[in-house]
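Look for chain A in each of the two complexes below; its partner is chain B in the first and chain C in the second.
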Partner chain A sequence: MKMLVRTLDMEYETVSAFAAQAGFKTPSGDLIRRDTRGHLSSGLFPVWVLGGVAVVLLLLTTTGCGKTAAASYRLNMVESAKQRLKPEQEQQVATILAALFGTPDEPIAPSECGLDAAKLHLAAGPVRSDIVGRKNGLYREHCAHCHGVTGDGMGPTAAFLNPYPRDYRPGVFKFKSTERADKPTHADLVMVLRNGLAGSSMPSFALLSDAKIDALSEYVKYLSIRGEVELALMRAFFELDDEDQGRLPEDREFLIEEIVLPVAEAWQAAEDALIDVPEMAADIDMAASIAKGKELFYGNKANCVKCHGVTGLGDGQVNDYDDWNKVVLQAHKTVQGGLEQAGEASTWDMDADEADEHRAELAWLDRFQKVLDGNALPPRTIRPRNLRQGIYRGGMRPLDLYYRIHAGINGAPMPAAKGTVPPEDIWHIVNYIRSLPYDFNGTLGVDKPMVARDRL
Partner chain B sequence: MMTTSRSTVGGCHSGLKRPIAAHCLIFVICLAVGVAAPGCGAGSVAGPAPDFEAALVLREKLASATGATEAGEEKPQGTGWATLKGRFIFAGAPGDAKPLIVDKDTEVCSKGGMKLYDRSLMVDASTKGLANVVLFLRNSSRVKEPVPTDALVFDQKSCEFLTPVFAARVGQPIDVKNSDPIGHNTNISGTSFNQLIPAGESTVFTAGRETGLPVTVTCNIHPWMKAYAVFREDGYVAVSAPDGSFTIPNLPAGEPLEFQVWHERSTGRSGAISLDQPELKWNAKGRFKIQLEEDEVRDLGTLEVPADAISG
Partner chain C sequence: MKRFAAVFWSLLFLSVPVLGVATFIVGPAYDIWLPRDVSEHGAAVDGLFYFILALTGVVFIATEMVLFWFIWKYDESKSNGPGRYVHGSHTLEVVWTIIPAAVLLFLAIYQMNTWADVKMRRPNMTPTVEVVGRQFEWRLRYPGRDGMLGTPDDLHLVNDLHLPIDEDILIQLKSMDVLHSFFLPNVRIKQDAVPGMKIPVWFKAREEGVFDIVCAELCGWGHYKMKGRVTFEPREAFERWLERKYAEQEATQPRDSEMAMASGVVSHPTQIAKNQP
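Right after this comes the complex of A and B.
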């Protein structure tokens, strides 16, 4: 960098000195002057060159590189490649989804989903306004750059974020107040939007009005339902009886009753599936509770140290993946394994059918690899939470910590303690965790390291 | 560098000017190449666009359709029940089982120098029987037995799951036990069941939905632990024993039955096994069709799995 600046400096001085000497630069220092023939010229280039460059730049910036197409949903190519769908089958899935859920600019939802069309209208489409003071296109304005127009967590900025933005399509959400297997409630989604997720790139949208947050939560649900229906449709091909010309039945019984309804019902059931949290005793002896919590943290019942580490720094288990990354990781392994397998097979003594199959297999593996390279983010490990920082993604209220321990975190390796660790013990662990950031065992000093890992 | 001639049009009169112009040109070329080369999102595979006209037609059809289902072809139903049995053997050489990397809780998991081995391919040395092949009936029309109420036991000890592949019925309680002195968590993928199980305790899991093909059961604390589970609505599923044999009793007789066959290490798609059998026609998805007579006990005999059907 320095070299470049020095070079430019030298060139500038050389040019100025030379220009002054040569009389190119007029006393006022203007760049354009007439040369001996009377043509306009700058010190360096004739005006027509500069003019041409200016016109070209003007054209490029004003017209752009073609008209922007309307936004469209992206198909779940990783799942489609995994299920070995043919292009006609992919198109059938895309068509069914368009029929059921519309387009990003005009979303609709089957009535079974119970989604509010007005809220979807407010959140969807390009950013625009048809009523003074009301802006539409909230999702595209606030969310799509990370979460993607399809809600696949692969927006333009996603690759640069750690952790990756949430992919709504499997319908799995981490931070909620319902049991592990259940969907989040509307209030859970609103809370995530309002507070953000501390410690991740998800910001707080508290500056948006309640109506806007409501609309965005509804739209997230819509994208999630759409994604789950897409996965169910793609997986349904394997369940078809005929193997090759598999085409899904396009009737109400299959599409609505078998595919959409289970998804919609799971979302509606979430409102009633809140975890029942017994209150912590009001007169609890906090010091004793923290001591008990420490015992449990290190003990065989809750096994917290196994992943969160003996220092609570989250270094007990660093090679695990969350469910979203695991899918991509396993896909990579499948492709690797398949390529090795196919590489070992020798086409020398294959008959025509086997050779065709072999070629088809290689073509599928090649396409899968391309999909993993272009349509999926590189898998990243998930680290257990560093409990010494006092930053908790799902919220720092004792209640939030209770939810995380009781139900675990859906989609992440964090298991549920429900049923095996009684509620009072969960409260003890919660109290111990809340004390960890302030856990300091005495005096500072050169020989008394501050870092928790060094203290033990 | 004398500045004598200024007769030429354009700026580049002297040797010193040329390097500047050349620098500018090189810069512009590099910029153009740098922008054009990676492209604007080149590399992502675009799926086919939806057929919007067909989508509109379908939308109207779904909106206007009543709840009544279209009269599809009635599946023929027979009477009575039959049994299917057989034995899978592996024609290839299984090789030595690879030891697993055990790096947590070694005082229990590697107690006394004990090693844990990969159990993905279990072949009985004397009978060449292939264990842990899963066979289940797809789409049964009727079921004989109701859902069993006593729990199926799924235990883990010495840091491994005692049953490498197990099958259960949807709605059947499964007693997930931990007989180790250390805690485990049991994570059944696809079910959102991921439960901490303290040492010596157990918890009950009931599958709410059937799985298509077997799903993995893992422990996040001890990542080498792996098992497979398959849950079916009708319960017509068998896992082959160590000697490769399996039996599925009380199958619906007198109607066509389609079975799916699966093995963890199979090279077929998603683990499906397709064999080259003269009597049974297997398709690429690892399925074969069969029809049994009432009270028949059909023995499929020895089903040989060739070496190239199993990976590695």
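Right after this comes the complex of A and C.
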């Protein structure tokens, strides 16, 4: 040790001597220097006191010293801008919603909605534990980062995904066992959670317990009902008379009767409104069915090739949008069109009232543009499914494909074949589609790879 | 004051080996140790780990003790006069290079057989299952009755891997998008899933149980929750489960799923494979 200390002294000596010769101070300057006995020490404080202070400061910066704010629901800003709501009207909507549906940490559901409060309690709020071994806050743990705390499909990770996560607020769901315009059943939501949506970023939550999946499905329904009520409230301002003075009636009974009940009833009706699926004959001649299905696929009744392409690769039509993106796209077009029109007018030859209106219009367009920039994701086209891959978002069972063809996909351009194509024919199309991933000029299943590392 | 500083720092440095050894001793009591091993080759892998742990542990404690001793004994309050400058000892340097080199060489040769068992001696069989890593799930594909992957009777599942015990298992590992790593802690298996490559992974499980599949290569924001579940069960239970899952996959009626779950009987085999040329 003596040898090493000595060497250090010599190094220090050398550095400072060099520095003195070169004409500038060493970096440590006067803070660390040698004392009268020639040993290193610091000028002001012992080095280890400084070190201790540094450690304490580091700890403070990492742990912080305050609580984060409680989560709150975000208003549907795009709809609010569309309806030209004033700030006090927005505030009224927020107040009504808070009274009816509570907050993200403390959800309430009017009993008319038929939602299970215990399941909501399990799913809502921050991740915490009321009972040993049981975790609450499931939605925030598993779903909120994509679907958002409000269920608006605009969580922090949403912008990176294609397709975007589902926005529950319009109450439209794609993959279900009910007719196109109906709501999904509870079992449909559970199925999506359990299996995920193959080919999208929605993962499978099969490893969660049944109780947790149940609670999350219930919470999704709650967010959807809340979102639909919010839209209805915002649209209701248009129906007001002058004497209402721009305020909605706040009578709870009235609101529940007129606005919440229709929404809740649609959800409850879905439970009994499953599509009636006829049996596929057990002794069906598969080859003939596939041939018939191919005819129908290329035929005019079902007209599948228009979107899915003549080779089934999903390249027939690539410029369409799903309903959620259409809303934002339409809003962009409205703003663009409005700005062009307003830009052509000049206030020079307008009278006072016209000029005020013109300015108000410009202000509204500006506000709308800001809302679209900050509160909406850039619209993305939707591609028809590539049927040669064998990956189907709503499930790969023959039953799932039957549902998709019969009812179409709600919210997407996929039309319902119900009415145009008879049920047995739909089964033929289903069989043809299921054969497509294996339909190639070659020998099925025999693997003769050229590359050594492919051989197994 | 100087003596106090020396005592403080030397005890601080002493706490490193003391706490280090203490955590290794106390850890297993809190279930913080190697995960339970149910594989055939796991014992060899763990043996290597313990050997290296013992070797490095001894060296670690020895060097830390020497460090503590030097700080404790040779401090300013006790030093008397300037230190001697020494040019070092050539013999010492040669010795403390040769000995670690010999140890490393020994380790390299000692572990070769275990490495070959796990990574090079592939069993001659068709894959039991194909595992495809995808952000952020494990997609599984079982070959189905015809025993071939890539045919219409394949069973497609996500995250829920079942395998028979006491049999050689061969997994074909792929990735659909980015690097993942297929990690089965309880079977001592870890293999990166490289996009564009088909990598064989094999092992044999000796005991039943339900264990984790974890992703061991950072693959995006969902990497931390890219978990799956592997269930080892006897061959009959495994086959029954396969039948049940296949029946669910081929369901043509809503009640098929419930029926299939109850009885495990396939109700509508779709027979696409039979009718293809």
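Note that in this section the second predicted complex is superposed on the first by the 370 of 456 C-alpha atoms of A that agree within 3 Å, B and C clash if a C-alpha of one lies under 4 Å from a C-alpha of the other, contacts with A are read in each partner's own complex, and residues count from 1 in each chain.
By our rule, contacts are C-beta pairs under 8 Å (C-beta built on N, C-alpha and C of every residue); 3 or more make two chains touch, one makes a residue touch a chain.
Just so it is clear, the structure is predicted and the values come from calculations on it, not from any experiment.
S.K.: So in the superposed three-chain picture, is A:N300 touching just chain B, just chain C, both, or none of them (first/second/both/neither)?
M.R.: In the superposition, A:N300 contacts chain B only.
S.K.: Would you mind checking which one, chain B or chain C, touches more residues on chain A?
M.R.: B
S.K.: For A:R434, select first, second, both or neither according to whether it touches chain B, chain C, the two together, or no partner.
M.R.: A:R434: touches chain C, not chain B.
S.K.: Would you please give the residues of chain A that touch chain B in one complex and also touch chain C in the other complex?
M.R.: 39, 46
S.K.: Along chain A, where are the residues that touch chain B in the complex?
M.R.: Touching chain B from chain A are residues 11, 14-15, 18, 21-23, 35-37, 39, 41-46, 49, 65, 72, 74-75, 77, 80, 84, 87, 90-91, 94-100, 108, 110, 172, 180-181, 235, 238-239, 241, 243, 250-253, 255-256, 300-303, 306-307, 317, 319-320, 323, 337, 341, 345, 367, 370-371, 373-375, 408, 410, 413-421.
S.K.: Show which residues of chain A lie in contact with chain C when the two form their complex.
M.R.: Touch residues, chain A against chain C: 1-7, 39, 46, 48, 145, 157, 177, 195-196, 198, 201, 203-204, 206-207, 274, 277, 279-280, 282, 286-287, 290, 396-399, 402, 427, 431, 434-435, 438, 444-447, 453-454, 456.
S.K.: Note which residues of chain B are touching chain A in the complex, please.
M.R.: Residues of chain B touching chain A: 1, 3, 6-7, 9-11, 13-14, 16-17, 19-21, 23, 40, 43-45, 47-52, 54-56, 58-59, 61-62, 65, 67, 69-70, 104-105, 138, 181-187, 189, 191-199, 201, 203, 212, 220-221, 223, 258, 267, 269-270, 283-285, 308, 311.
S.K.: Touching residues of chain C toward chain A in the complex: what are they?
M.R.: Residue list for chain C touching chain A: 1, 5, 8-9, 70-71, 73-76, 79, 82-86, 126-127, 135-137, 139, 146, 148-152, 156, 158-160, 170, 172, 197-198, 200, 221-222, 227-229, 248-254, 256, 268, 270-277.
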